[in-house]
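Heads up, the next two complexes both have chain A, just with different partners, chain B and then chain C.
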Partner chain A sequence: MSIYTLGIDVGSTASKCIMLQDGREIVSKSLIDVGAGTSGPARAIEAVLAGAGMTREDMTFTLATGYGRNSLEGIADAQMSELSCHAKGAAFLYPDVRTVIDIGGQDVKAMHIENGAMVNFQMNDKCAAGTGRFLDVMARVLEVRTDELGTLAAQSTKRVAISSTCTVFAESEVISQLAQGTDKRDIIKGIHYSVANRVSGLVNRIGVQDRVVMTGGVAQNKGIVSALEESLGHIIYTSPLTQYVGALGAALFAYQKALKMKQ
Partner chain B sequence: MAKQVSPGVLALRKVVDDVYADARKAKAEGKLVGWSSSKFPCELAEAFDLNVMYPENQAAGIAANRDGEIMCQAAEDLGFDNDICGYARISLAYAAGKRAARKIDWSKEDGYVINPATGKPLKDENGNVVLDENGKPKKDPKTQTPFIVLEDIHEIEALPEGREKERRRESIQPYRQMRMPQPDFVLCCNNICNCMTKWYENIARMCNIPLIMIDIPYNNTMDPNPENVRYIRAQFDNAIRQLEELTGKKFDEKKFEHACAQANRTAQNWLKVCDYLQYKPAPMSGFDLFNHMADVVTARGKKEAADAFELLAVDLEQNIKDGTSTLPFPEQYRVMFEGIPCWPKLPNLFKPLKANGVNVTAVVYAPAFGFVYNNMDEMVSAYCKAPNSVSIEKGVEWREGICRANKVEGVLVHYNRSCKPWSGYMAEMQRRFTADLGIPCVGFDGDQADPRNFNEAQYETRVQGLVEAMQIRKETME
Partner chain C sequence: MSLENTFKEFQAVAYNPKKCLNEYKAAGKKVIGVLPYYAPEELVYAAGMVPMGMWGSNNKNIGLAKEYCATFYCTIAQLALEMLLDGTMDQLDGIITPTICDTLRPMSQNFRVAMAKLHKMPTIFLAHPQYRRPAFGLQFTIDQYNNVRHELEAICGHEIGEEAIRDAIKVYNKYRQARREFVKLAGEHPEAVSAVNRSAVLKAGYFMEKPAYTEKLEALNKELAALPASNWNGVKIVTSGIICDNPVLLKILDDNNIAIATDDVAHESRCIRVDADETGDPMMALAKQFANEDYDVLLYDEASNQNRRGEFVANLVKESGAKGLVLFMQQFCDPEEMEYPYLKKALDAAQIPHIKLGIDQQMRDFGQAATALQAFADVLSL
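On to the complex of A and B.
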């Protein structure tokens, strides 16, 4: 009989779920664009179960991760940090991964992986610069959608320097560039390099080793990925499942725990 | 049942209480009371029988009593930038006469205005939480505390004698650190941090009192350079001359030698206590060492401190013999905690460690305050060595030595917003720990005194990540 496990990643800006069959096959997945402290987690769980036509009782083990992981009492059987889960998920998709970079809604993580497991990591300090929230703030000022940033940056002809030290100061720089009539696409490219500089400083502290994989929603932004590749001097791999990597890792850990339970 | 406190710990608590009480008494009798940086040669002051208080230790106590924020803000209102060390801000506000006080209920003859947000839930005789008419838990009035407001002792002292003056005096928070006497002189040694120099200059100017300064150059070499030792030795001689002038007394060599002997005894016993963390399981939490720092700082040159540490060592030896520990949970992982704790958030700091069975078995304070010397030059050299005044190579050697001896499996680094020099070199040290010891090292943001710089959720994630990385390493090694 198959073992079904559920991984729930309650982030600060989105809730993601992955259902796995026997720790190998993705049966269902869901994503709701709001995270911890909202209806997001409940809606994401409902959607992932509906997608597979299953109930919570069908799950042998459910594991929660992410910023809101402790809020799922009575739903999740265990919880683990998003660090280990992103590492686990990335190693499932790319077995030879050595470095994982995750830009989340309010934090940035760089993980060093050995034999598919996280052995060390670095996280950002108490500052929003370089995070997903930083990009959201900039997109709002530029009156574009966050998911348009990558495409627009690709059309840029020159790069504008934007500060990487503070979201608020960077926002005023963007406003002043707009006031001077600078092309939005060039400003966006500058923003991407600003994020890349901030993140690469963190990644370099744990030592970059190939293969480098980027996870999380921000990895969908090709502009950020290429700016980071340039800054780090390494090729960065991203998966179409990038937003789900944390939830995937949680579902994989849930499978390991389910097997242990059976023993 | 109330937690059993060992005789050694009780003795240590009494030592610090007595130091504060003696200083209050001395002040009331019109004697001189000084303020000193934590690693000023206390032996010099002891030779003159001076009562000395320690603002760093005081600020840690104020922060742990949750009054760090109001005092830091008071300093900021005086014009000190919030980038300045939290201890310095608390101390400068205190020196300016600012005090955290309970809000007086002027509508009554006596008493304070209770903050409804404080207190624990009220329980009935069966231990069930009592609910109010809205179905919310009722607060146990015995555990509720008043609102805290800022007071000014100069304003109070300017009032005419009477009930108002009396009530405002009484309203000042009753714990010892908020009742420390104002200084008549300051003793500053900048070995512990460069920020000390300006901090103490400001106090001296604010209170119009003498400043006795000993400048310790940063050590680029592994051991102090002989030229620096001569430079500092000359400053010791000058400090003695200044103290003679201040007190009108001659330097008493006998008393000085006695203080040196006691300081050496305290250091030896302190090192012994620190070394017991090498045992598995450790007979105590390394966090206890942070609490005992109060004794090392305020009473290093006193016989009572040396005796109390001796007593604590006996308690711990018994624990080791019995295979017991005062740690309130089973020890599963051993880590080094790097930096000063976030005093205002100590319970929040401890909670995820306890939940994951993590004991702190190494802190850098052991070598930093456990120094033993045989003559004046060795004493001078000993005062050259403090976490922020030794070279990065020496700092790495200290820490890696403790990590190996105390068998740590990971490092938790506090990037302390208050302590720029200490946090500044940590990124490189963290890299070295990982490379040399092969253990995971994790940093978190916080502050030693200002609670505004700590985020509990971020800290918890980092601790959990560290535990998961240590678990993987353990499994791999097995």
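On to the complex of A and C.
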């Protein structure tokens, strides 16, 4: 009889779920674009169960992760940090991964992996520079959608220098550039390099080793990925499941716990 | 009394210094605030007054103190001043302002200006020497301590005699010994002493009168020593930094089955490592006690190129049986920030995992710290 496990990643800006069969096969997944403290987690759970035609009772083990992992009391059987889950999920998708970079809504994490397990990590401090929030703020000032940033940056012909130290100052710089009539696409490219500089400083603290995998929603922005590749001097791999890697890791840990329960 | 009740009593003191101060004042006692750290509190005790530590607050925001402080001063110093301005601790009869770091040095003058402007209390300036061990360094310390002694005499209204200082040294040696023993026992019995309670017990020592505190702590130590060997199944760490006394932050350690084996925290163990001679010239004994302090970020080290402090902390982790170290990095603490690369070098060389968490006393949300600590526990459990 199959074991079904559910991983729920309640992030600061999105809620993601992955349902696994026997710790190997993804049966269903869901993503709602709002995160901790919203209806997002409940809607994501409802969607992932509906996608598989199953109920919560069919899940042998449910594990929560992400910023809002503690908010699922009564739903999740356990919770783990998103660092451990992103590392686990990335190692499932890329068994030879050694470095994982996760740019989340409000923090940046770099993890060093050995034999599929996280052995060291770094997180940013409380500053929003280099995070998904930084990109959201900049997109709002530029009157574009965050998911358009990558495409627009690809059309840039020159890069504008944007401060990499502070979201507030960087926002002022962007407004100043707009006032001077600078092309938005060049500003966006500058923003991407600003994020890349900030993130690579963090990643270098743990020592970058191939294979490097980037997880989280920001990994869908090709402009950020290529700026980061240039800054780190390493190829960065991203999965089509990049937004789900934390939830995938949670579902994998849930499977391990389900097996332990059965023993 | 049950251990839990004992911890509650320590918490009641640790979380409410204003209540302690009111009680001392109601009893007609004079009370002296003592800023961090290495001030010769023994002189306050010898004067028949009550010393109370001033290490900021976890329940206040900086408002009134902004009028006097540069923005890059650490929150510990700024919130200590805030408590003197907002009515929390302004019943004090005086404060001693050591100048042991780059914030406290100029801050001593901000305290002086603020207290004089508002006619609140005298401020007693204390400068420690950089070269604390040679004869001239010892003499400098004695001279400075005598300045403090004379200013305390002006507040208490009588001379502070040598015999009284000698007695105070004995009281403080006993106090330090009890605290060291508690740190050791708490590390051995994390099932009985949570990180939150460990901190409350140590913090209460800054506010209670020393003989009463020592007696209470020795009784607690006796109970802890009688416990059966621990069957703790979590992970043990060593904490480092200037201060880590926020119960909300410490509860994250407890929630994740992380125990503090021992510490390299200034507010906790750094300032109880060395006792003073109980015989001979008591002022020289206090000067020598300061001279014998070591392995501290804030103290000059003639052999700093050997990274002795880094190795000391790495050995502390190894000898305590801890698996890693958590550094609570106080925001705007230049000495700790500048020393960090050397500490990291020593920990890496000894293959001791560690994490650095940025904190300050105005923080109210510890979500990011919770994530990092939980992940660190996962790494240490491998």
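Convention: the second predicted complex is superposed on the first by the 263 of 263 C-alpha atoms of A that agree within 3 Å, B and C clash if a C-alpha of one lies under 4 Å from a C-alpha of the other, contacts with A are read in each partner's own complex, and residues count from 1 in each chain.
Note that contacts are C-beta pairs under 8 Å (C-beta built on N, C-alpha and C of every residue); 3 or more make two chains touch, one makes a residue touch a chain.
No experiment lies behind these values; they were computed from the predicted model shown.
Q: Consider chain A as the common anchor and indicate whether chain B and chain C clash or fit when overlaid.
A: Pair status: clash.
Q: Identify the partner contact of A:Ser81: answer first if only chain B is touched, second if only chain C is, both if each is, neither if none is.
A: Both: A:Ser81 reaches chain B and chain C.
Q: Should A:Ile175 be classified as contacting the first partner (chain B), the second (chain C), both, or neither?
A: Neither partner.
Q: Would you check which partner chain A:Asp107 touches, where first means chain B only, second means chain C only, and both and neither mean what they say?
A: In the superposition, A:Asp107 touches chain B and chain C alike.
Q: Of the two partners chain B and chain C, indicate the one touching more residues belonging to chain A.
A: Chain A has more residues touched by B than by the other partner.
Q: What part of chain A is shared between its chain B contacts and its chain C contacts?
A: In chain A, residues 67, 80-84, 107, 117-121, 123, 125-126 are touched by chain B and also by chain C.
Q: What does chain A use to touch chain C in their complex?
A: 67, 80-84, 107, 117-121, 123, 125-126
Q: Going by the contact rule at the top, pick out the chain B residues touching chain A in the complex.
A: Where chain B meets chain A, its residues are 415, 427, 430-431, 434, 440-443, 445, 453, 455, 457-458, 461-462, 464-465, 468-469, 472-473, 476.
Q: Which residues, counting only chain A, touch chain B once they are in their complex?
A: On the chain A side, the touching residues are 67, 80-84, 107, 115, 117-123, 125-126, 205-206.
Q: Can you list the chain C residues touching chain A in their complex?
A: Contact set of chain C toward chain A: 353, 355, 358, 367-368, 371-372, 374-376, 378-379, 382.
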